[in-house]
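Next come two complexes built around chain A: one with chain B, the other with chain C.
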Partner chain A sequence: MWRLSPSPTRPWPVVLLVVLIGLVAAQPVFAQQLVRLTFYYPVGVSGPLARVINEMVDQFNAEHPNIEVVAVYTGDYDPTMQKVQTAVMGGNPPDIAVVEISEFPTLLAMDAIIPLDEYLAQEDPSYFNDFFPAFWENSRYDGKIWAIPFQRSTPVLYWNKEAFAEVGLDPDRPPRTWDELAEYAALLTKREGGQVTRWGVTISGGWNDWLFEGFVRQNGGKLIDFENRSLHLNSPEAVEALEFWVKLTQQMQVAPPHSTWASTPADFVAGKTAMLYHSTGILTFLKDSATFDFGVAFMPGKKSYGAAVGGGNFFIFKNIPKERQDAAWTFIRWMTTAERAAQWSIASGYIATRQSSYEYPQMQAYVARHPEYLVARDQLQYAYGKAMSPAFQRVREVLKRALDDATAGRMTPRQALDGAQRQLEMQLRQWLQGN
Partner chain B sequence: MRRNLRALTPYVYLVPSLVLLGAFTYYPILRSLYVSFFDWNLFSPRPVYAGLANYRYLLQDPTFHLVLRNTLVYVAVTIPVTMALALITAVLLNERLGWLRDVYRVAAFYPTMVPMAAAGMLWVLLLNPSIGLVNHYLGYLGVRRIDWLYDMNWALPAIMLASVWKNYGYFMLIYLAGLQNIPSSLYEAADIEGAGFWHKLRYVTLPLVAPTTVFVFVVAIISSFQVFDLVYVMTQGGPGDRTNVLVYFIYQYAFRFGDWGMASALTVLFVAGLLVVILLVMRMVERRVHYEV
Partner chain C sequence: MRSRTPTPSQLLQRLGLNKLLIHLILMMVAGVTAMPYLFALSTSLKHRTEVFTPVPQWIPSSLRFANYADAMAIAPFGTYFINTVIVVLGILAVQLVTATLAGYVFARLRFRGSSLLFGLFLIQMMLPVHAVIVPNYLTIKELGLLDTRVAMMMPFWASGYATFLLRQAFRQIPQDFEDAALIDGCSGPRFLWSVLIPLAKPTIIAFSLISIVTHWNDFLWPLIVTDSPQVRTLTIGLAMFVQQESGADWPLLMAGTILVTAPLMVLFLIYQRKFVESFMHAGVKG
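Now for the complex of A and B:
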């Protein structure tokens, strides 16, 4: 019989103690086997994409018992870069992050990331060559590859087919040139008692610097020459592009002078604007929300079609243990299979980064039903790498300010861009002078 | 010996607050001053001595001028409006209004209890040009659609509006306390002299809440120079930096541009400017206010 009072002969407390000690001692062994990775990711456009990322990460973790990826949602692109910057400077970098592609030189300047050639060398060359070449342009420096394309886009023009039909335009023919765009926008703008109830076209604010770069490319110019370290914000091509914006917003008043990145997709869905410049990343959101038929087109051209690619790339960080860098590569490799790129493209509207993604039956069936998913991809033949420089956040701020000032009619395009050029030459002088 | 110990006693009591103030206020201020003389940014990740270069850059930076102007406009408009509104509401709510008084007091104080970020989001919705309530009701009055936060002229006023709404309740509460400290005998005397509401307000109430006014004024100066949250939530400084204010500008330099030297120089200018303003205000009002009844 067991007695209730403690007895030295009772073995249970001792057994329990031994088990406990064993568990505690065994802990480091388990911990060693499990590599835990922190993964910062942004969601650059509206829509429930955070959920999609989390599902992918869960699936990865289930398939890789030795790796646990902890996905940390870090807001949209700008806050994500801030968090990365702060974490790196604080000596506690994330292991993996998806960062806006123009931030690449800043990460280099901070000495925060590692080149990935060693990992790419382990892969079959078909992996590298399968990505659309334009997507690699924001990954190269010093003959090395530092980033893997992930959520990638080009800006496109969305048009409301019902509005086109209403004003007598062919609903299946989007504007193809700047002149046509202006002409259509004038027809499509609706006014009631001197107030605009529907804009002809909206060039979304917030990332209008990126859209503007597309206009400059269409006009045969280039804003920043990364290789040769020079700025061309006030080139004749750029000034002419901004003059066109001012014509739409001030002279013709067929486009709103200012707007925000987050609000314009909703404006389009609500019929407040008949045409919209925005990322292809909102396509799925528009398709799910719009109650009318709409189309997706290349951004209208001037000298030619043109666009700057956009979006986010994967980076692996420096100053973390090698085993975590290796595990990070395993994760990135897994996230960028052609099949997953297809799946991600369908979920978001982003371009599938790999050419063979479009051969998957699931993808083929999807684009057969929704050919508008191919527009951004086809536009890639006219697309260039996105402007980039160290401290790109400043470039963005200064350029956006110049664009806003000009479209508000506060300054002439030339004044605004001359000012921006001067200001940035000051702010980036260390980089421009080759340090 | 014993006397020496006694002399030390107050400092012993001061230690906890000195440690905290030192670690989180004085040391950071001095450190900012030190760092402000260095180039310390993404281009030179290790601080390099640069003398007054950061200050020189700021003095000729058009964005800094704009930010300074925005901040001064914000301060110059929100303080008088908020204080006037707070005083008027406090005087009215100090009258006998029965149970309604409590209802109004709660209503006026309520915005103070709403978290700043939530208040900002609320105003973003209210001020939305196409679906916002503000434009909706202005429409009935025949006012043309205003783009509020997207309009260079209206964005800063919109933030000031939200700020007044958010802050006047707190100042009203302080005024109410001040009003209730005025001895009723003074009003009785005024009644006997045959003074009406306006005379009592002018010759009894206003002079006697002057100390409260000074307090409210100083607090309002400090808090309005520090405006950040509303800007961060509502406009992120846009459009075209028309709502960019000093503290937001510092934040941009420190956390977005990764330029710690410049952010420190801005902080030094900010703290120094604020100190000067407060000293001027204190000196100006000191002689004019009766602290005793």
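Now for the complex of A and C:
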């Protein structure tokens, strides 16, 4: 009965009609209101990974008509963190970002991120429990979970089987202890007229602080206790670990005192070092480049095996509308299904973050062809969270300088680590005192 | 003064060997300079397994032009290239206007507080780039220019360095020129345009080269203020080849590097005579 009435005395049907038309017209807008999310991601390993991420994001967007994730490539880990910090300080935070795991306390100190327990509570507990436990250690603070593991790695030992055979070592048996490592390295080092033409072992520089953490773990120590806010850089375990490095570089001269993270995989491929400490992230590169047979092993142990995990985690940011945070969770949850973790692992060479990822046929076929990829996963049972603290970039600089000073013979291990401990106690005083 | 026994250089000159020697040395220097570029070119055509050999290998066993296609597939280099050209020239054009005007004022006009103001310009030169990233970001955000090409240009439109260089260049031009120009009825902007700028051409060209190279290579600022591939620049594309955790894929990285640096190389090869000439013609003719 809402026909247009010509009578000016009864205007309400007209009003009603206008309102109705308005509602009908507005309906689709309400239904399809699009939540747009900005997602910062770094690329840490070689290969067309930016394209892989974009494909995954496109698929997510196609499956979720009311969410649109915009993936923004942000360089390596360091530029990514700089972009995140600038954006947060500029009041324009991203919704989601993958950031290097040791930056977690810095993000906390900036009050930039939100805890994810509320979202985890909505999920079946099997989701949380399926991740390798070592990966959660860099997500915990104040009894809450703040980050979801995504692209994760550990350091391992690579060895050149041909070089082993050449000096009479069993090519299929890597060193298992520090003593064996030193002994093998001595055999494998080749010299021509005082010049080393092949090092026995190379402990890659650049991220040697990360490798060093593994050695300290193998010796039963810990560099930074994040929960209890204490530093143990000059603990007897750490000093002994550094003494072992100095023994390799200075006394035995079977390892180079300096190297860079980017050049040592190339040195290994060129046969300039017979054993190499590096990330699992280079495995795909080595397989593509090496013309000789090589193996992947746990980092040799002392009191036990040990390694610190590495890589990047997902974070959701503060000061954005709740609906965007909710949508961000939907995206993270989708990116971390066991199946997608398997896909991502195959594409990138990272460890699949979830245990059940290894049951997928695709993944099983893959590791059957390349069993080396399982070494890093199996090492996880001896792995720990990576050291972290606020302003961790500065901590790394101080620690790396101490390590370099000792391996170059400029200081004794004790002097170098005492110095680093003192310096960081000063710089992190506020945090150490609980503020 | 004439020595009785000829010096070695005189001997060489007599034998006509002087020029030969100079050319030999120059050829060696040129070889050393070109070597990294040639090796990059060679690596960009290799297969991955050929990159690292105990003895460097100059000629790839087979030329893999596919590396270039693979590199191009990693990022939209065509768009990045156009953006880079726009940003670099956009910065330079405005810089030249602001810097010549400011340089002229600081060099030729005396007014209250001019030295204080010039001091402030010098301070701008001394501030490290990282110190101003957040303030600049806030400005760009307030102007609503995030994720645009203008955002990449704007902070560099006024350059303390360029102002300083041009001020010095203008000051070196004798006062007589200005007096003569004034007598002929040429003053102010006309004097700047017809006398000072032509005489300062070497400085302007030198600064332009520095500016182009600096902003062609700038990475952090474009990365921070842009999000979408439509407006981003070449260095961001190149960064996709360098990886912190795994090391680089060298043939692709080198193919990308050649693609990114080639335009500058070609530009220089074409115009090198002009560049050099402009430096040679510097100086005041009595």
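In the analysis below, the second predicted complex is superposed on the first by the 399 of 435 C-alpha atoms of A that agree within 3 Å, B and C clash if a C-alpha of one lies under 4 Å from a C-alpha of the other, contacts with A are read in each partner's own complex, and residues count from 1 in each chain.
Keep this in mind: a contact is a pair of C-beta atoms (placed from the backbone, for glycine too) under 8 Å apart; a residue touches a chain by one contact, two chains touch by 3 or more.
Just so you know, these numbers come straight off a predicted model, no measurement behind them.
Chain A has more of its residues touched by C than by the other of chain B and chain C.
Using the contact criterion defined above for the overlaid structures, shared-chain residue A:Q393 touches chain B, although it does not reach chain C. In the superposed model, A:G349 makes contact with chain C only, not with chain B. Contacts of A:D288 after superposition on the shared chain: chain C is touched, whereas chain B is not. When both complexes are overlaid on chain A, the residue A:P48 reaches chain C alone and has no touch with chain B. By the touch criterion defined above, A:P171 lies against neither chain B nor chain C after alignment on the C-alpha atoms of chain A. By the touch criterion stated above, A:K272 is placed in contact with chain B and with chain C alike.
In the superposition on chain A, A:P115 contacts neither chain B nor chain C.
Residue contacts after overlaying the shared chain place A:D404 against chain B, while chain C stays out of touching range. When both complexes are overlaid on chain A, the residue A:T86 reaches chain B and chain C alike. Shared contact residues on chain A (touching chain B in one structure, chain C in the other): 78, 82, 86, 89, 263, 267, 270, 272.
For chain A in complex with chain C, the touching residues are 38, 43-48, 50-51, 70, 72-79, 82-83, 86-87, 89-92, 153, 261-267, 269-272, 279, 281-282, 284-285, 288-291, 310-311, 349. Taken together, the chain C residues at the contact with chain A in this complex read 48-49, 51-54, 73-75, 133-134, 137-138, 141, 146, 219-220, 223-224, 227-228, 236, 239-250. Residue ranges on chain A touching chain B, taken from their complex, read 78, 81-82, 85-86, 89, 106, 109-111, 194-195, 205, 256-260, 263, 267, 270, 272, 390-391, 393-394, 397-398, 400-401, 404-405, 408, 410, 419, 423, 426, 430-431, 435.
For chain B in complex with chain A, the residues that touch the partner chain are 41-45, 57, 61-63, 128, 130, 144-145, 147, 150-152, 238-241, 252, 255-259.
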